[in-house]
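Input: one structure, supplied below.
Lettered A, B, C and D in written order, each chain numbered from 1.
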Amino acid sequence: MSVLGSGIFKGMAVTLKNFVGSYFDKERLTTNEYAWQANDKLPERAGDYPKEEAEQLSDTTTVTQYSRNFPMLLHDAGEPMDTVRCVACQICERECPPQCIYIEKSTEKKERSGNKAQFYPATFDIDVSVCMSCQICVEVCPFDAIVMNSQFELSTPSRFGELLLRRDDLLKSNDYYYKIHPEEASARDKRIADEKAAKEAKKKAAEAAKKKAAEAKSKSEAEAKAKEEAEAASKPTEPSDTPPAESTATPSTEPPATPTTEPEKEGSAE
Amino acid sequence: MTLDLIKDILLATVPLLIIFPTMFALTTWVERKALARIQNRIGPNKVGVPLTPYGGKLSLFGLGQPAADGIKMLFKENIVPTGADRLFHFLAPILSLIPSMLVLCFLPLDFPWLNGEQNSVKAFMLDGAVIFFFAITGLNTLAVFMAGWASRNKYSLLGGMRAIAQMVSYEIPLVLSAVVVVMIVGSLNADNIAKAQEGWNWFVFQPWGLAAFVIFFIGALAETNRSPFDLPEAESEIIAGYFTEYSGFKFALFFLGEYIAMFAISGLAVTLFLGAGAGPGVESLSWLKIFWFLTKVCILIGVMIWLRGTLPRLRVDQLMGFAWKFLLPLSILNIFVAGFAWHIKDANKETATSVVVWIASIIILYAAAKGLDRVNRAKVKPRTYQYGE
Amino acid sequence: MNEVTAFWMLAAISVLGALIAVRKRNLVHGVFALLVFFVGLAGLFLLLLAEFIAVVQILVYAGAVGILILFAIMLTDRVTGRDAFRVTSRGSFWGALISLAVFLVILLPTIQDIPTIENPTPKETIVETSTVKQLGIHLIKPYIITIEILALLLTAALVGAVTAAQGGRASENEENNK
Amino acid sequence: MTVAAPNYELVQQDGLETSLLEVSMGPHHPSTHGVFRMDVKLDGETVVDLKPVFGYLHRNHEKLAENMSYLASMPFTDRLDYFNSMTNNWAYALAAEQLVEIEIPERAEYLRVIMSELTRLVNHVSLVGFFVNDLGALGTPLLYAFREREKILDLFEQASGARMMCNYFRFGGLRCDVPDGWLDRTREVVDRFPKFLDEYEKLLCENEIILSRTQGVGNLSKELAISAGITGPMLRASGVNYDIRKVDNYGIYERFKFRVPYSEGDVGDCYDRFMVRMLEMRESIGILRQALDGIENGPIMGNAGKVFKPQKSEAYGRVEAPKGELGFYLVADGTTQPYRYRVRPPSFINLTVLQDMCIGQQVADAVIILGSIDIVLGEVDR
């Protein structure tokens, strides 16, 4: 037989414990104060984020390396438009569930620093007021050209326009990617390097085989080439529901740009 | 004579009008802070005192919050719904503030500067001070109903009806538990009641006093619409109850009135049961009386905040049942217990007897409460559950 | 500012409240005007140093009776007072006449030793101790029988009210059980 | 100035002409859990009639999904029941995986179970918080619940990048592997959770006010629950031992030992619904512990093809979502888009008995009955 009102007193004991605990126990008061002033120091938990560049500081605060928010376009070291990885294949535009990406492909192919000529996005807009941060575009991109940014301080007083991120707003360097998502970026670069190495090896093997079977029929040669092509396209992606457009299919055999962080990967694949 | 009278009135009332609204401002901050901490949040911590017009501020744990709230309330638009009774809609907040402010002068706050005066105004010395208190608090109900009715909103109307039913019902246990003290002291004069408890003779240390205090405190919670009896403003059910349609300064007045009523009724509880101004050191320093009184009031307010952070609210019928089927019989029984205890004590002044009387009274009251509880909530009990593999 | 001024102010408030209560077409407004009248009356009692009566006036009339009337109004179908309730003015002359007669009948016995405003209580009945105590002693000693009878009556009324309310509920429950 | 008179319906009662008060609770009401609306007719404070009105959040989810590829509607399933995106993902993936033959790797199966049970903790703990909030507890239990929920959401964020809209499951596995140390962090959270539950139970389960507010309120009999198609904790609270984790054994649930709590009687009131959820959390912790012990390294994506293009077929995949049976029905016509896509939302179906439970109760009870059903409008309106 319980004491009269014991449930209420037990509850009051719990709330008292929490009241006192909120001053001493980090497990109870988990709130982090949001850095709301520019001259305030960022809280410790956001330490994952590097703070060197003033521009970035104004962009992003309290985020972890796992956060993702809106997509950005990756470029390698150098002039952004010279080293942009995107070749305007428009797969992401087609696959985007809320249809928030708008791409216009350049009419001309453009020579890029050390790479063969590629198309490039003349316009690349992402309407972040529509974007739902689902990351499907990242998954379908065969060139590792689009990844997720963790910048979230995007609020703007203007109702139209400002939330439409243009190509130049979206372009971020691979170094920046390393800063905001170190684990993911290194994993991605490692995969790219592995694939490239595998391809090099395969190509060498294929060339050796070609030399060895130089007198072989042209049919078998074509087969080897087809196999090589299939290998190149086998990224862990969900290719589009409709077959890629012709212009996309041709450049997709090779990523046009390679990360600059590892010097042995410099240079074109071919 | 007239000037003297006005001076006396000002001397007696102005301190009340300074102390309690200041306490109100601080209490809103304390309440928000304490609730936040109970809920493991930080609470308001940004608004501070600006040091210069150009920046820099002293962020005293958000102590500037009450001022900021007040300014915000002042400048908000006053919205009167179409079809509302404009006169009553305007009058209700004022009317809700007047009784709560008025009853403050029945609290035995004996300001030292009043004692030298020839003809000082001390309302708490009135012969009917305690009953005056209840009479005037009762008028609060009308303001609440006025607000609910004049807003022409169904939620407001429901809230107003709930408020009336609740306040009228809980006034009875409230008065009956106060009657015990009045009976023992033999006076309705707040000053006499305070004098009877000087030293450590607080009535709350008596068994009947303890029971009466608990009943009084529960009644006070209901009377001031505090959780768990905040049905008239039950947010999850009827939005904000009777002040759903109030905005800006009218809302602030309601808010002020509610908190002042809280202070007033806590003050009465302190007067009746917690020894009014009694406390260590009052013999030498009469100022301490006011300090102890206000400290005790603040402790009661703290308990109210604590309860608010813990308990869900009752339902209307349970609320009524609790008042009529639990508190009312218990408080009536308490009157008898107090009478017997007093008589036995009067006849036999030995310590052993008083201890026996103490324990016996507590047992009787607890058993009665337990029995009433079992009768009222016969079907309510924790259940067991089975598991399927 | 003295008792005379206070008296005239309170009297004006009371009369005004009473007049509004009678004449107002909106029922709820009328009730609140009536409450103003009650409070004014309480003030008059206070002026006559009859504080206990004043308190009871507020407690019982302004508090309880006013709310009772409000509840009664809530049960009528013109709750919100959108249509002002048409008070029939037929026979108002006779009503006024009867009121006046009743007033005079009450007035006559008291007028013989009516205290003046300057001297609110006749000298010989000024009580030294508190009025509450006096009242208590009087109620318990000479008027005990009256009190007991009244208590019995009120209890009977209360029990009757509960029974009436329960009767409705019981029949409802039976219907539900069917 | 003319004002539309409030609706009062005249009724005759005991020879007294009285009127019913029609109150439209919602869509802007603090306790309707989103944009739900109840047209309530009140006699005093007693509910005599209640009409649920919804559709304010209709987003054309099903038709949208029929016009995009199978994968592209995966992120949209997050938005159905936005508290439990992981289980929504799973139900959809389960349906799609039946259309084609995909083998799901072991590690992915384990992670699916872990994510799903963490989701159940998140949902139940916040539901109890919301429920007590509806009872008027000023959010204290809710904020405790959210405090713990944050810790689990941190885990979700680390695994999938988002806290609520996880979009983590893929046909044939998961989108990406969890980062290093994630399992240890999860174990830490899971190990600490029972301590929190003890405190939570101490705060709520014995509270006299909660007991008397919830017991005997919103009764749902076993027969009605079954015939109305109620599923999930609500059905178990009415005394039916039915859990799709046990019935279907989808995923790898048959490997775990866990019990399904259900009510002893068939009262099925708000208290039962509240308690069943409290007890279920304990079982989920058991499953989580077993899963964290059993998980091994390995691939997380199965042999899914590059293009998800199933043959002409149909499939129905269902999981025991925290709110009940969440099912996805897909008809494939051989293209990359589903021909028909249909969601069986648990909250919507559980909501159908709202009227039956509310009539005759007080208006304050209607609010908590709605709270105890556990609806999320994103799922009800779709």
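Throughout what follows, contacts are C-beta pairs under 8 Å (C-beta built on N, C-alpha and C of every residue); 3 or more make two chains touch, one makes a residue touch a chain.
Every value quoted in this text rests on a predicted model; they were computed, and no experiment measured them.
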| query | If you average all the Cα positions, which chain's own average lands nearest? | reply | D
| request: Determine, using the mean of C-alpha atoms as each chain's centre, which chain is farthest from chain D. | output: C
| task | Averaged over CA atoms, how far is the centre of chain A from the centre of chain B? Could you give it in whole Å? | result | 60
| task | Just give me the whole-number Å value for how far the CA centre of chain A lies from that of chain C. | result | 80
| field | Inter-centroid spacing, chain D versus chain A (mean Cα positions, whole Å) | value | 32
| request: Send over the residues of chain B in touch with two or more other chains. | output: 38-41, 152, 309-311
| query | What residues in chain A touch two or more of the other chains? | reply | 8, 11, 14-15, 18, 28, 30
| request: Two or more other chains in contact with one residue: find those residues in chain C. | output: 80
| said: Show me the residue ranges of chain A that touch chain B in the complex, using the header's touch definition. | reply: 4, 8, 11-12, 14-16, 18-19, 21-23, 28-31, 33
| query | Where on chain D does chain B make contact in their complex? | reply | 1, 3, 6, 21, 23, 29-31, 42, 45, 132-140, 143-144, 147, 203, 205-213, 215-216, 241, 243, 246, 259-265, 271-272, 275-276, 279, 362-365, 367
| remark: In their shared complex, chain D is touched by residues of chain A numbered 2, 5-8, 10-11, 13-15, 17-18, 27-28, 30, 64, 66-68, 95-97, 132-136, 139, 148, 183, 234, 236-242
| In the complex formed with chain D, which residues of chain B make contact? | 35, 38-41, 82-83, 152, 154-155, 157-158, 162, 227-228, 230-231, 234-239, 308-318, 377, 379-389
| remark: Note: in the complex, chain B contacts chain A through residues 34, 37-42, 45, 306-307, 309-311, 366, 369-370, 373
